[in-house]
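Look for chain A in each of the two complexes below; its partner is chain B in the first and chain C in the second.
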Partner chain A sequence: MSATDTNQRAPKTNTSARTAWRHRLAERGMDRQLLLLIPGLACVLALFVYPFAYGIGLSFQPAQGGVFGAYREFFTDAYQRDTIATTLGLALPAAILNVAASVPIAYRMRGRFRGKRLLTTILVVPITLGTVLTAEGLLNYLGPAGWFNRALMATGLTGEPVRLTNNYWGVFFSLVITGFPFAFLLILSYLSGIDPTLERAAATLGAGRGQRFRRITLPLLAPGLATTFCLTFVLAFSVFPSAVLVGDPAGTTRVVSIAAYHAAYEAYDYPLGSAIAVVMGVVELVVVAVVLGLRSLLYTGATGGKG
Partner chain B sequence: MRPRTVGAWLVWGAVTFFLVHLAGVIGSVLVNSFGRRWFDTWLPQGWTTQWYASAWTEFGLLDVLVVTLEVALLVVAISVLVGVPASYVLARRSFPGRRLVYLLFLLPILMPPITYGIPLATVLYKYGFAGHLAGVVLANLVPSIPFVILTMTPFIEQIDQSVERAARMCGARTWQIFVRILAPLLVPGILAASILVLVRTVGMFELTFLTAGPDSQTLVVALYYSMSAAGIRAQQSVDAMAVLYTSSMLVLLVIALRFVNPTQLVARVKEEPD
Partner chain C sequence: MSGFSELRLDGVRRRFGGRDALAGLSLTIRRGEFIALLGPSGCGKSTALNCLAGLLPLSEGSIWQDETRLDTVPPERRGFGMVFQNYALFPHLSVRRNVSFGLQMRRLPRDEVRRRTDEAISLVRLEDHAAKLPGQLSGGQQQRVAIARAVVLEPALVLMDEPLSNLDAKLRLEMRTEIRRLHQSLGLTTVYVTHDQEEALSLADRLVVLRDGRVEQIGTPQELHNRPANRHVADFMGYRNLLPMRVKAVHGATVTVDGAGVSLDGTAIGPVGAGDEVVAAIRPEDLRAGPHGVPVTVEVVEYQGREFAVEARTGEGVALHLRALERPAPGERITVTAAPSRVLVFPT
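Let's turn to the complex of A and B:
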């Protein structure tokens, strides 16, 4: 009798234990709705995390030179090593200029005025140009027989064409053309997210224009500035097509991505290519970490926007 | 209207300076693509549309455009299907490990495409995907899914949670809530995200370049190859191709801007009442 009793009760306790377990998970925020995350997570894991791990693994298995052979090859060869300095020399000034120029312009435009939508649309255009068309345009426009040099010579500013393509400046301009509108739009949206009543309150307390900007707007904008700088920097750091097309890809604008591409797809040295890609990622993350670290020294409260 | 200060003049001057040179850059490509011969003069010596015809036949643009469209639409469809549910969970729920998951979705956007593109292409070649349409689509999904998630978050946050609760009270299941409640309310957001992903995919150079084979090149990659092989083909027909590319991107962009205010992607804008 008692044996059948336990037999009957056994499955019941089992289900109630399972429901209790599920309840306890649900209390901590885990339930079946989280399954909706799975496709997204699977894609990111399979297409981003796994290849990255595979690349890191590959970078430690060069044909010769032991575990760190590929890295040693990269850092001992000045031609390869200097690509990092070249890339930073292009990307940092370009990103700083883009962000620094965007702040006053966006500050001036944050209110409403006629034609704002048109102006923002015009400023979005360069984002869609893409690096390839920008490169083609720069070659035509800034080239020795282009409009820019013709205008300079017609006004008598220079006697002979200024060389602005196939060197550092060509790549720099292409980074500004694609990066500035992007930085501007982001900063404009962060600025518009700051509650305008704060500034008006400061004005009632007698703060002048400069003071209001320095003491109210700038601290509230700091997180947005940091994010914008990081995104613009990432954009500039991965410069590849313009460095090849308007730059001097064998010399002054031989950036890290060109070195990585050459190693992987022209020399078929996948370990070296992966090692360079890893170095590139590390350098980029270091810069981003430094910027975000600097930002955390400043105000870190709510800003109205999504900082 | 306040009197203009020196600062205002400087700011507007800088904007004008930028726009003038931008117009020069775009205009010179446009003019060159219609020009007959253009060497040492302000404008070409004659006008013609022959470069468009020759670009169309020489580069096999029809095939390239079809491939571009296929890649872009597949990427949009998959990334929306995968990204919107994930975005919903991330916007609405808090659970252990949420920050980690969020970081994981953010990383592909924070990394330059070349950095993960090279190992990704190596893996895709290993499994035989690269060199075909599938490889290009898979590679382009990497930044697109996180992009959909980020773009959708503010749209999902704007929906009143009590609507969902009411539906649940009436006995709707999660998938029913998704199909009957959320999807109709999210249409503007989904459209915005799709168009932005479309623009990004059509413009994405690095990932497509690393994974495309000869018959799976998109327009940008074909453009890059035709430019780096300059000298073989007339520069004007390369320019004609670039103009075609830009105008199609512009059309997409103008459509996108009808649905989404670019400044509202990161913060909900509080417009100052006049």
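Let's turn to the complex of A and C:
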């Protein structure tokens, strides 16, 4: 009798021990649902992490010049090195303008009013167009025989067409047109996350319109502006199609991505191409780190709104 | 802007999408008075407060501070302090900077800003928390910061929009006493919006009862408590028994009413004649179990500390709310009476 008793009890204690162990794991967030992560994780590893690591590795294996040969080649050649300054010269002003232009427009549009949806749609349409269509539009509109120049000449403001395409300005306009909707949408959502009664409270305390914006809304919005700036900057920094289509890809708008493309697919120097891509990433990271470092000095807590 | 002898609202009306949120509020506020705007939600009391603060433009009417027209002055130039329902503290500024914000907006000398800020913070006893951000404070502390921020400017008028509604019951009582104490010591003219009749009765010198954007009655707490002007005010002031009845006889101010198997003597408020349909209003605490009176059957008994709240039903099924000193058993038959002076009879 006693023998069968122990036989029956043994599996029971076993199961309960296993259940307890499973409970302890579940408390730390480890359960079978974790298996659902596997397909996503596999994709990330195979399509992003591995090629990324491979590219970094490749950049340290040039045909000549040792481990840092490709980097040395990039930084010693002024034609290559200057692409960083060219790209920053395009991306920083474009990102700043996009953020700066979005703030007043989003500020005016944060309440409810008739036709808000239509206006938002119009402002957001450029996202859906893509850079190529934007570039084509710019060429047609701002080009030497475009409506803009014809209008200028018809009114007698200039004698000859103003050059606004196939140079710095063409790329800059393209970056503003495609980057503005992102900045605007982000800032609008940050602004509607700020409780509107805060400004009303400031008004009852004697703050005028300008003071209310400067002392209440702007400090609460600033962290959002920093984040928005980082995102639009990264978008603008990797400019490639518009730099080629509406820019001057051999001269004033020879951006980093063009340099990388040339190295890899025209000179077939993969290590140099990879090195340029790595340099590009590091420059972006430095700018983002500086901006986020400044952001961390600001108040980043709750803003009382609907989030 | 500080110091006025009276503030006059003259037919203040505010429409939202064709509907009157506030229909013609006329009220004179004397200096140092504590006025409560009382009414259920959606009655227009917050609209009235926002109109006074200048946060909502008027659709019609005017607001006068002595001989100065005020309703065209923007909020930042009215010099009124306001305490918001959700406190509206600036989340990125410390308690000290929140309180000193208004003083800095007035470009007062630095010494004066520091001195008055310190005074206001110690007035609400938050000296230990002056350097904290609002998010690090409890609800009651945030409330006190909001009050300090509003009173530090020694405003001509303090506006409070349901300031206690987000606090728990115990804290609400404490803050209520605190607000009354502040009013007594600073003598600031105050307009206080609430839906809680007990809060309004205990705080205010005068009450304005609003319903559907209209003034139902203006009076002292005693007047409203004892002589509500109509059945709606009575309902709001805690006259829980509102019995539809018919007048049987009138003897001067005393009328005899009956209906639903109950016959009562009461006091007429307004003109009533024999045969009129009326509403008899009685507070539960004025309806007592006694040896004579209306026979009722006890249904529900709630313990309320000092006494019991009883819901009973008459023979014809009309529910009555009353108080009893001893616990009656459910199902027990008792008789209840009310003094004729405490039974108010309103024409319908």
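As a working rule, the second predicted complex is superposed on the first by the 281 of 307 C-alpha atoms of A that agree within 3 Å, B and C clash if a C-alpha of one lies under 4 Å from a C-alpha of the other, contacts with A are read in each partner's own complex, and residues count from 1 in each chain.
Criterion: a residue touches a chain if its C-beta (ideal position, glycine included) is under 8 Å from a C-beta of that chain, and two chains touch if they have at least 3 such contacts.
A quick note: this is a predicted structure, and the numbers were derived from the prediction, not measured.
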Superposed partners chain B and chain C on chain A - clash or fit: fit
Chain A residues touched - chain C or chain B, whichever exceeds: B
Which of chain B and chain C A:L152 touches, first, second, both or neither: neither
First, second, both or neither for A:V162, with chain B first and chain C second: neither
Touching partner for A:A207 - first (chain B), second (chain C), both, neither: second
Angular separation of chain B and chain C about chain A, which is computed from CA centres of the superposed model and rounded to the nearest 10 °: 90
Touching partner for A:I96 - first (chain B), second (chain C), both, neither: neither
First, second, both or neither for A:P219, with chain B first and chain C second: second
Which of chain B and chain C A:G281 touches, first, second, both or neither: first
Partner chain in contact with A:L198 - chain B first, chain C second, else both or neither: second
Smallest separation of CA atoms, chain C relative to chain B, angstrom: 8
Those residues of chain A which chain B touches in one complex and chain C touches in the other: 195, 304
Contact footprint of chain C on chain A as seen in their complex: 195, 197-198, 200-208, 211, 215-216, 219-220, 298-299, 301-304
Contact footprint of chain B on chain A as seen in their complex: 28-30, 32-34, 36-37, 39-41, 43-45, 47-52, 54-56, 58, 101, 104-105, 108, 111-112, 119-122, 124-126, 128-138, 140-141, 145-148, 150, 177, 180, 185-186, 188-190, 192-193, 195-196, 224, 230-231, 234-235, 237-238, 240-241, 244-245, 257, 260-261, 264-265, 270, 273-274, 277-278, 280-281, 284-285, 288, 304-306
Chain A contact footprint on chain B (complex, rising order): 7-8, 10-12, 14-15, 18-19, 21-22, 24-29, 32, 39-40, 42, 81-83, 85-86, 88-90, 93-96, 101, 104-105, 107-116, 118-124, 138-139, 141-142, 145-146, 149, 154, 174, 199, 203, 205-206, 209-210, 220, 223-224, 227-228, 238-239, 242, 245-246, 249-250, 252-254, 257, 262-272, 274
Footprint of chain A on chain C - complex, ascending: 53-55, 74-82, 84, 86, 88-92, 101-102, 105-106, 133, 135, 149-150, 153, 159
